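Letters A, B, C, D, E and F mark the chains in the order given here, with residues in each chain numbered from 1 onward.
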Amino acid sequence: MKHRIIRKIARADAEIIQTLGQQGVATVHEAQGRAGLMRPYMRPIYGSAKLAASAVTVSCQPGDNLMIHAAIEVCQPGDVLVVVPTSESFDGMFGELLATSCRAHAVAGLVIDAGVRDVADLTAMNFPVWSRAISAQGTVKASPGSVNVEVVCAGALVRPGDCIVGDQDGVVVVKRARAAEVARLGAARIERERKNRERLRAGELGVDFYGLRAKLVELGVEYVDEESEM
Amino acid sequence: MKHRIIRKIARADAEIIQTLGQQGVATVHEAQGRAGLMRPYMRPIYGSAKLAASAVTVSCQPGDNLMIHAAIEVCQPGDVLVVVPTSESFDGMFGELLATSCRAHAVAGLVIDAGVRDVADLTAMNFPVWSRAISAQGTVKASPGSVNVEVVCAGALVRPGDCIVGDQDGVVVVKRARAAEVARLGAARIERERKNRERLRAGELGVDFYGLRAKLVELGVEYVDEESEM
Amino acid sequence: MKHRIIRKIARADAEIIQTLGQQGVATVHEAQGRAGLMRPYMRPIYGSAKLAASAVTVSCQPGDNLMIHAAIEVCQPGDVLVVVPTSESFDGMFGELLATSCRAHAVAGLVIDAGVRDVADLTAMNFPVWSRAISAQGTVKASPGSVNVEVVCAGALVRPGDCIVGDQDGVVVVKRARAAEVARLGAARIERERKNRERLRAGELGVDFYGLRAKLVELGVEYVDEESEM
Amino acid sequence: MKHRIIRKIARADAEIIQTLGQQGVATVHEAQGRAGLMRPYMRPIYGSAKLAASAVTVSCQPGDNLMIHAAIEVCQPGDVLVVVPTSESFDGMFGELLATSCRAHAVAGLVIDAGVRDVADLTAMNFPVWSRAISAQGTVKASPGSVNVEVVCAGALVRPGDCIVGDQDGVVVVKRARAAEVARLGAARIERERKNRERLRAGELGVDFYGLRAKLVELGVEYVDEESEM
Amino acid sequence: MKHRIIRKIARADAEIIQTLGQQGVATVHEAQGRAGLMRPYMRPIYGSAKLAASAVTVSCQPGDNLMIHAAIEVCQPGDVLVVVPTSESFDGMFGELLATSCRAHAVAGLVIDAGVRDVADLTAMNFPVWSRAISAQGTVKASPGSVNVEVVCAGALVRPGDCIVGDQDGVVVVKRARAAEVARLGAARIERERKNRERLRAGELGVDFYGLRAKLVELGVEYVDEESEM
Amino acid sequence: MKHRIIRKIARADAEIIQTLGQQGVATVHEAQGRAGLMRPYMRPIYGSAKLAASAVTVSCQPGDNLMIHAAIEVCQPGDVLVVVPTSESFDGMFGELLATSCRAHAVAGLVIDAGVRDVADLTAMNFPVWSRAISAQGTVKASPGSVNVEVVCAGALVRPGDCIVGDQDGVVVVKRARAAEVARLGAARIERERKNRERLRAGELGVDFYGLRAKLVELGVEYVDEESEM
């Protein structure tokens, strides 16, 4: 497989991406049928990190950040870098200098299946990052990789141009072609949840209005007043 | 084993539970003979989370939150849900809607040996949760489980009605029948530590007033001025 | 091997230690040739924790904090305790009372390859700690160990008197004899990075001014306008 | 909580224990309602290890095997030691000398939520052990613990006298009082599976004779001949 | 996303699949540019397990093996089941009865990103399985999933009909469309390695005939006779 | 820090190394005061692997095996390679070709804090390897490293020329200068254990002849005939 840097990728509609970002990770994940979630080890480096953007993907050698530099050039304003080493690594492949470069090119944030460093600076810059580790471990620039090829990041398939939504709950990927549909389903879900919230807040039980009592009976769950013995 | 929902459980005295909460996890754990601590992977979702309450236990299929809905009905104000899947899971079995329902029924918090989601909302609601993961992964409502049976949560045995104390140090379980005794021992410990703290603050060495010098000698530990060679 | 407490150790120059602290973990790690970093599981207990100090090392039985008490006596103001159990442990070997004692003797902080407790108190005291776990698990004072012997802490070799630098990115060790050299190299790196930062902020690409385009060609990475097929 | 050595415990009927052992871990686990299984990190040290016995439980300080020595005295021929440190440990708390002592007293095997060593010797002795680690790490004999108290081993509650069944699939615990019932349910399950096996071997599909086709329809799963597009 | 069972999938040429199997995991992984490897936690349940086959993929709820039953019907002789729960699970979703059914339909083996049980029986049957865990944990048949959709298994993307090669080194995926090319490249690699092996066996140094001496010089690595000081 | 290949190192006496190998990992670890053990994640790739040799150490970039090639040249017959990447890696840095080269130069085996591949071939060659993973993941030859510098391998400090002992229990390091002393202490321990074994085999209890009864009393452990209540 040749190493390639793909310059042009299709992206979803900016307004739809923004909508997905407002809906948040949990809603988007549910709206698309409980799919596309990255593993929970992907954590934001600061609590208020929030992001919705088109993925520019980077496949690189572990411990080598050469291809991140190459990727910034092909980003458009508002994109997010999705960086994946070809095998497990926790090295700090990205820090404040790369974030400064990203900022200069209006790259919106980073999702990296490895480590990140200078997190105090990144937090001060309000540059959102989701990573599997915080590590100062330095990296080299010695081996080839690819930009804008399909990658598996923290257990989720990401194709260039897919929508990435990140918040305190983690990161979810929406296939570009499904973005509009998912945003619509997400909006419907939010409306449905709004109504449920009102009823739950008023003291109704989920077991009632979700119709779960019949389910419990069907499954053979018995109500008992007190534990007689053990 | 039949799946059951036990409606009525005995609880410890409310004042004693409150006392245990003021003493905190480390003191309570020590007071009861260094027992009852959950594994350190159980972390609060926000730093100031603090809780002391009677456990309503939930045993459920991994990836299935049906029984949490069923459990809320049998909670009394001030109880805490202790949720344990029957095998390891990191799914986000609990979120903001369930927390809203808990709030409506004055359920005080959640300890869950799985994942939780909507953590930004839960933090805004000041709803305390200790979990092993933050994950947006959605769940089904398809399989039976039990409420108020004995469970093993993060390595600790929890029986319905046991006292659960949680803070930034983790979570500890106090057997209901021992709650008063533990609270008393905890109070004594706090008083003892208060005195020790004064002496330590004044510069006395632990090695002196804990009588450890003799111990070091007995164990054959030698004092040497300088490392001669290696 | 006899268990020993070495009373006197050599330390690096205080001003140099301070300089290393200002440079921070990532810079110091790079300056000394990407060496000396502890594993990324060593995390500060609060975000603003920052430290540079001479190591007083403690080797102890897992679940036993006897030797920490012994170590405080041989500390000089500004030292940091580096505590390592002889096998893997997550127990809460250090808490607020020990921190009070450390404070009384001007011990600057703690790096521990195990657990720590009373983290709310330690945070309130602004006592910086890097640990692999937060755990209330209590410990005994029953088995011998050593103070100021070489230890391996979180994958890094630490000799008594080595410089320990900790911040939000983790912990790095600088050999005492190399401290001045590393501080000088770190200063040069900071100056170099300052210039790079300006150019990156102005929009120059790292791929250009680091001369990476030639590298990419040499490595056979191809630029393609669009993905033709998959 | 006082440290105690309980000398006399009740045991299940020997013949029933033997039956559970013949049924094996998976069958017994299913027969008792998918309960009682230890975490899968508990692995046999050699492939053919197989065991069914009454538990003599040991609760001990991590890195300290004093209480194992004390426990052997209260074992009866055919018992199995279930050893649990009070916090996570991987130390090699048990080796060939202790196995020789166990053999002399007809102790049948070991289940230990920690490490074990001399595994080549133990294998040659055909002494079955399930552990979470193989480690030569030596231990001390310095701290108290208890024998024949309830313990949580690898996520499963074990009371003294409970039946322990171990094989290549792991370890399962059967409450003493339920042993006869579980053995009966296990026998029924084996008979049922024998019939299913014949039909499956003859080429019938599980989806047919378990009646799953209706289930798939009810759950909305659609059969499609070919993937039209992605 | 609707849950679907796709009945017909394209497969690679049988002879090519067989060739890939003879080349083995390491060679195939290298031949396709160091891609497609599953995470090393995927281990064979017995040492001599070896397999090359077309993937029939299964996406299912964690702890639920309903869709495995559904998948067997759409397998053709020689296929391998690739089973992936929608979130992390270690449950024993597959055992001897399902293997008997697989055998009856000439399904060649199993790759499962979860647990497996009855491993003694599966070994006796010589039914090859790669899994992330051995666990007797039983599962339900309650929730929908899909058959023959793209899945991410142990970090590797698998599309229905892709070639799966498994041996003692792990599991690698080859895209169906690239199978012939990879087999050709693999054969060339084997021939090249055969020559290298002869030279290495004769005592030539890799550092010589791979031309690495120049590389070492270029990278600034210095040869020193003896360590003068540290 | 310059990257260096140190050509000449001091080694322990061959006969003493052989003696340590016969004593085995557990005995040697105990004999030197329970020190020098590598983490238990270092496992032999086949059960009968056994080794005692002088360490030639390799420090390399993760995912890069260039320095292993360089190291073979400086090995003497009977040496063992101890390979450590500068940050955590599971890549298969060593396989059958490198083993063939090692064999040609009489290198005795490998201890690697990363992955290894071609394990079926290595087993057939009877080439002993201890590693943290089995992985086919290929590596590059692009970055510098060092040979015969001090390294930390799986938590243990290894200096060039130190004695490495490996068997089924793991790997232990003996400082070169202490090898003779440790071998003597090991022999004494074996003799002592031989006597203990005879007494234990005859049915004497460890609690008696180790004098632990007094210890139990001193520690406050109480003997109770039966559990009265819980």
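Methods note: contacts are C-beta pairs under 8 Å (C-beta built on N, C-alpha and C of every residue); 3 or more make two chains touch, one makes a residue touch a chain.
For clarity, every value in this text was computed on a predicted model and none was experimentally measured.
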item	value
Chains touching both chain E and chain F	A, D
Starting at chain B, fewest touch steps before arriving at chain F	2
Interface numbering overlap (same over half, different under half) for chain C and chain F	same
Centroid spacing, where centroids are CA-atom means, of chain A and chain E in whole angstrom	27
Gap in Å, rounded to a whole number, between the CA centres of chain C and chain B	30
Separation of chain A from chain D, taking each centre as the mean of its C-alpha atoms, in whole Å	39
Per-residue multi-chain contacts in chain F, two or more chains	34, 37, 86-88, 90, 135, 137, 143, 150
All touching chain pairs, where touch follows the definition stated at the start	A-B, A-C, A-E, A-F, B-C, B-D, B-E, C-D, C-F, D-E, D-F, E-F
Chain F residues within the chain A interface of the complex	61-63, 86-91, 135, 137, 140, 142-143
Touching residues on chain B, where the partner in the complex is chain D	1-2, 32-35, 37, 39, 86-88, 150, 152, 155-157
Sites on chain C touched by chain A in the complex	25-26, 29-30, 34, 37, 40, 43, 47, 167-170, 172, 193, 196-197, 200-203, 205-207, 210, 212, 215-216, 219-227, 230
Residues of chain C that touch chain B when the two form their complex	2-9, 66, 69-70, 72-73, 90, 92, 95-98, 100-101, 103-105, 115, 117-120, 133-138, 141, 143-146, 148-150, 160
